[in-house]
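Right after this note come the structures.
Below are two complexes that have chain A in common, paired first with chain B and then with chain C.
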Partner chain A sequence: MKKTWTRSRQKSVWGVLFVLPCFLIIFLFVIYPLFYTGYLSLSDYNFIYDRAPKFTGFSNYAKMFLDSDFVHAMKTTLFFAVFDFSLLMVISLAIALLLFFCKRGTWLFRTAVFMPIVVPASLACIVFSWIFSENFGLLNYFLGTALHLPALARPWLTQPGSAMSSILVVNLWCNIGFETILFLSGLQSISGDVLEAADMDGAVGWKKLVYVILPNLKETYVVAGIWAIIAALKVFVEPMVMTNGGPGNATLVLYMYIYNNAFLYFNMGYASAIAFVLSGMILFFSLLNMKLNSEEAER
Partner chain B sequence: MSAKKANRFFLYLLLAVIALIFVVPIFYSLFNSLKSQQEILSVNMTFFPHRPILDNYAYVFARGGKYLNYYRTSVVITVLGVVITVICSAMAGYAFAKLPFKGSGVIMAFILFVVTFPLAALLIPIYIMEYNLGLLNTAWGLIFPNVMNVLPFSVFIMRGVFKAIPKEMEESAEMDGCSVFQTWLNIVLPIARNGLVIVTVFSFYSIWGEYTMGKTLATEDSAMPISVALTMLKGDSWNFGVLGAVITMTIIPPIVVFLIFQKQLVEGMVQGAVKG
Partner chain C sequence: MKRFFCALLASALVLSLTSCGKTEPAAGSQPAGSGSGSKVLRVGGESWQVTKIFLEDAAKAFMKDHPDVKVEIQTYADPTVVSNYSINWMKGETPVDLVMIDGASFAEQFIGKDLIYDFDKDLNFFSNFDKSKFVPSAIEMSRLHDKQYVIPVISEITAININTKMFKEAGLVDKEGKPLAPKDWEEFYEFAKKLHKVKDGKVVQQGATIQWGKDIHGTVLGVLQASHKTLYQDDGISVGFDNPEFREILSIWQKGVKEGVFSQETFADYDSGRNSYKAGKVAMLVESGSRWIEAGQTLGKDNVSVLPIPGADQNGSVGYVNGVIVPKCSPNAELAVQFIQEQLLGEHVQTSTLNQYGKLPVINEYYAMAEAPDWKNLKNSIDKSVTYPVYKDLAKFIKDLQSILQNSLSKGTSVDTTVQQLQDMVKSLNK
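Up next, the complex of A and B:
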């Protein structure tokens, strides 16, 4: 009896030791920064001129409403996120369904769709800026020479509207693979009984899809939805590398505005406050998505 | 029946087109790296190279010292980052699965919660901290934040793998007089090989391609990883061929690893995303 007691005690001591390195890293680079960002968001702190942060209460948060650049970045981000989220969910689900129904011989297609997951996003952005470039870009060449529609060719990254769509396309390219994996695993976990019962009832084709398969993906919508919300709201690499927020500030998104405030203007306090707003938005929309999907499931 | 067949054919065709769109950028950089500068900028441009040449690669190895430096920085950060991640997550994952202590559940839950946090909310204090410690523009200054970034997912994967190992394994090792540490090192870790593979591959491609932290914490040219440095060249160097060669050299390693370990990685990602 005594021996097992010492063993379990020994185990918990080892447990603490085993968690320690991981905990130290998380503490230093997550927990401490989180609280410090919270404090900075309530302070005025120019990293170049000020020796220490000066507590100013909620003035940073109040300032946002009067800051036209912030309002613009917020609008841009929400506009982008709505399209990015919807397209990401719809296209990924569609590709997952295609892969699910064409069971045989799809490994090559599957690999192609998943591959962008491991390609460094910033380098993909460089390649895409070549593709979108005006004079020797692949896209304009394709439109002009292959489709004979030179009227559609344009300087994609230097016009406000098309710059936004270009960023959207690259963000989709980077994120669809992962979302497709989630949807595909959701489809594969629908039990065979459910599908068989549907077959028995004579549900085929579109009917089977709409009445049997799609409603059975509830849990997947929650998970895939959260990742899509995160991907859409924290878009940063694409505008940073491809347009630098331009033309003008047409593609200035919140994440980039945080970066600019913190690391170009060194307004650490104001940048922290915006970072908290962005984190709050991600949390809010994730919870909303979870709630909407669980309510529907209860009905 | 033939309508069904036609349907099927159409679905496969659609899939093929989608798959093609997804690989075009990858092959575009590969093909550009095999073209001469004149060919890339010529009026009659083509997707495939006319006459593939290796000049651009030769240039990188002969005179592209700065590219090789960026590459080396990335290799150092990635190798050390992956090693630390694997060790830390194998230890912490085992503790959370098999060595319960007071408060371990709370810590585990918090580590999982961290996954949803945008880096933006952490980067500013990390920057100030590293500035004060003199870690900005150093390899370690990038290694630790990168490890932090991939650690939650890795711990989660390892915990799942260790949980699935029957406790009889460890009990018999105990009988033989193994200490907890010896049991972990000699008995349990070899069985958890699959999880170690997932964590290695995942942390490898995440750290290799990381941009945001690199952009923020490495502001000097000499300290930049390749994923950041190449984006800075884009404006002043329109040398597409050479840049294409460097990009291709940078995206090939993660793609090869992905092709080898695709099955484990996809399973691991589902586990990590769904439960996490």
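Up next, the complex of A and C:
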């Protein structure tokens, strides 16, 4: 008994030693910054002018909701997120279904769909900025000269409405590939027996899709949904590179507002508080997504 | 044996965490392959500064004159890297001995924690370099809190970069064939209308592009100074937008944008105006008065020129400098001063940057070595130019100014509302 206990304890010690480096990394780069940011969010701290943070309680959180720029950024982010999430999920699922059912040339279509994943987002945004350029961009040239529809050509990035749409398009282009992978793997994990049984029962075409395939993707909806929520609420690269939050503040999103407060104005305390609010929103919607899908599964 | 290897592996994994960072060589240490007793001067600059301020040439010339010194140019990608230096400097370490900064106000972030030298009091810079050699506005622009924390190396002012060929085609020249300078903003708008060309619903020649992107403060404050003779309200501290001149200018800008005569492309892309100008698509570009020299390389030197913005000849404009700072923890401060005096403020750097890139020298005598005579058009503007307000919340001022003005121009918000928003914004700032 004593010998077994000693051997078991030895194994535990070795296990701890091997896990220790990973734990240290997580502690240093995740847990400690999380708690320190939490402390900063309860403090007044300008990195340039203050020697140390000054604890002020929840004043940063209270100030936030009286800040018109924060409220505007919040509204812009939520507006963007609703459209981005919906379109991302629907389009990715549609493409995944096409790839799943397509028998020929799938390698070509898969490559085309997955290619945006390997392109850095900032690089894609620079290229799209040129494409969307008002006077010299490819899009307006195509609409005006090739299709002879000059009325459709517009200043895509310098008008408030079209600027947001342009950012949405680029964000979808960047993220659809990954979401499609998630849905495709979900589709491929559906048991062949289930699909065969559906065929034998006469569930074909649309009925098979709605009553057999889509219900079997519940777990995939959770994972894909969480990822889409994060991508939608944490949008940053596109407005930063393509419009710098403009025209005016039409595309100023929450993540950009955090960046401005932290790295342009050096208000670390306030920026930390906004970061926690954004994290809270992401957590809330992710949990909501999980709950809705688990309730459906239980039914 | 198995246990021994397991222990070895675990130790290696733990130790690998401690060797993650790169160790910088100690300041002043001997670089490999150099002679004994040699010093290393580390100069930091953005990539564009290394090119346009000829830092590599300056380094080579300095090393030739001082064989016991090695000058290392360290290029940083963008200004946020310089902000991160403060973390090192607070610990008493520095990877650089002198740093080029874009705008004197950038040094503000280091002053609060006493991290950089006052060139005058701490380093006696002017004891062997005559202060009167400097262009007065340049030295004034680089003073912060009445101290010389920054030594200017180049300066820029807001001006109108023009395509002279387009001006001649539109008949906007005098009897000698020289382009006419618009006297006021109404005339500027009329010029832009004449210069603007549209074919099959597509703009083939833009009348005017005004910098309304992230350098909007240069444009707006330059225009304010030129039209109203001062940037400030009666308190001498708060920028004042509520005056008839600025209201009129704002109204003209809105009219120009609505008619498409003034382009909005700089809202999204700060460089778009400059790129379109260099491509020969823009007749007038209102931003830094150095763009015409760049465009001369693509359009031909005879087809480009520069004019002062309306009112700048009489009242000046707003300028800004690129300069150098020296951190207090640098062990080579004296060497850094020598490098600045001998090379950065020397003939080669000052004249080359003017003639090749259009960056204005900060030393008076080098204007006589300008290859293009067009610089005379800006002489009065340069002499009378003033600097930005040095607010603690300058970054917020710039961001909010951009936001309010772009909203005003794109949505057509009334002039009264826009001016009120600007005044309220200035009032809310930490000055």
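Criterion: the second predicted complex is superposed on the first by the 285 of 299 C-alpha atoms of A that agree within 3 Å, B and C clash if a C-alpha of one lies under 4 Å from a C-alpha of the other, contacts with A are read in each partner's own complex, and residues count from 1 in each chain.
The criterion applied here is as follows: contacts are C-beta pairs under 8 Å (C-beta built on N, C-alpha and C of every residue); 3 or more make two chains touch, one makes a residue touch a chain.
Everything numeric in this text was worked out from a predicted model, so none of it was measured.
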Worksheet item: If chain A is used to align the two complexes, do chain B and chain C fit next to each other or clash?
Response: clash
Discussion item. In the overlaid three-chain picture, which partner chain does A:Glu134 touch, first (chain B) or second (chain C), both, or neither?
Written reply: second
Worksheet item: With the two structures laid over each other on chain A, which partner does A:Phe263 touch: chain B (first), chain C (second), both, or neither?
Response: both
Discussion item. Tell me the contact category for A:Trp14 with respect to chain B and chain C: first, second, both or neither.
Written reply: both
Fill in: Touched partner set for A:Tyr49, first chain B, second chain C, both or neither
second
Worksheet item: Among the partners chain B and chain C, which is in contact with a greater number of residues of chain A?
Response: B
Item to complete: Go through the superposed model and pick first if A:Thr243 touches only chain B, second if only chain C, both, or neither.
Response: second
Discussion item. Contact-wise, after the overlay, does A:Pro150 reach chain B, chain C, both or neither (first, second, both, neither)?
Written reply: second
Item to complete: Considering only touches as defined above, state whether A:Ala163 meets chain B (first), chain C (second), both or neither.
Response: second
Practice prompt. State whether A:Tyr36 touches chain B only (first), chain C only (second), both chains, or neither.
Written response: first
Worksheet item: Touching A:Ile25 in the superposition: chain B (first), chain C (second), both, neither?
Response: both
Worksheet entry | Set intersection of chain A contacts, chain C complex versus chain B complex | 14, 18, 21, 25, 129, 136, 263
Worksheet item: What residues on chain A touch chain C, complex-wise?
Response: 14, 17-18, 20-21, 24-25, 48-49, 51, 129, 133-136, 140, 144-145, 150-151, 153, 155, 157-160, 163, 242-250, 252, 260, 263-266
Item to complete: Sort out for me which residues of chain A touch chain B in the complex.
Response: 7, 10-16, 18-19, 21-23, 25-26, 28-30, 32-34, 36-37, 40, 47, 95, 98-99, 101-102, 105-106, 108-109, 111-131, 136, 138, 141, 173, 176-178, 181-182, 185, 219, 223, 226-227, 230, 233-234, 236-237, 240-241, 255, 258-259, 262-263, 268, 271-272, 275-276, 278-279, 282-283, 286
Practice prompt. Name, in rising order, each residue of chain B that touches chain A in their complex.
Written response: 8, 11-12, 14-16, 18-20, 22-26, 28-29, 32, 40-41, 45, 47, 87-89, 91-92, 94-96, 98-102, 104, 107, 110-111, 114, 116-129, 144-145, 147-148, 151-152, 155, 174, 180-181, 184, 205, 208-212, 215-216, 227-228, 230-231, 234, 240, 243, 247, 250-251, 254-255, 257-259, 262, 266, 269-270, 273-274
Worksheet item: Any idea which chain C residues touch chain A in the complex?
Response: 6, 10, 13-14, 16-17, 80, 83, 108-109, 112-113, 200-203, 206, 213-214, 263-265, 267-270, 272, 276, 279, 281, 392-393, 395-396, 399, 402-404, 406-411
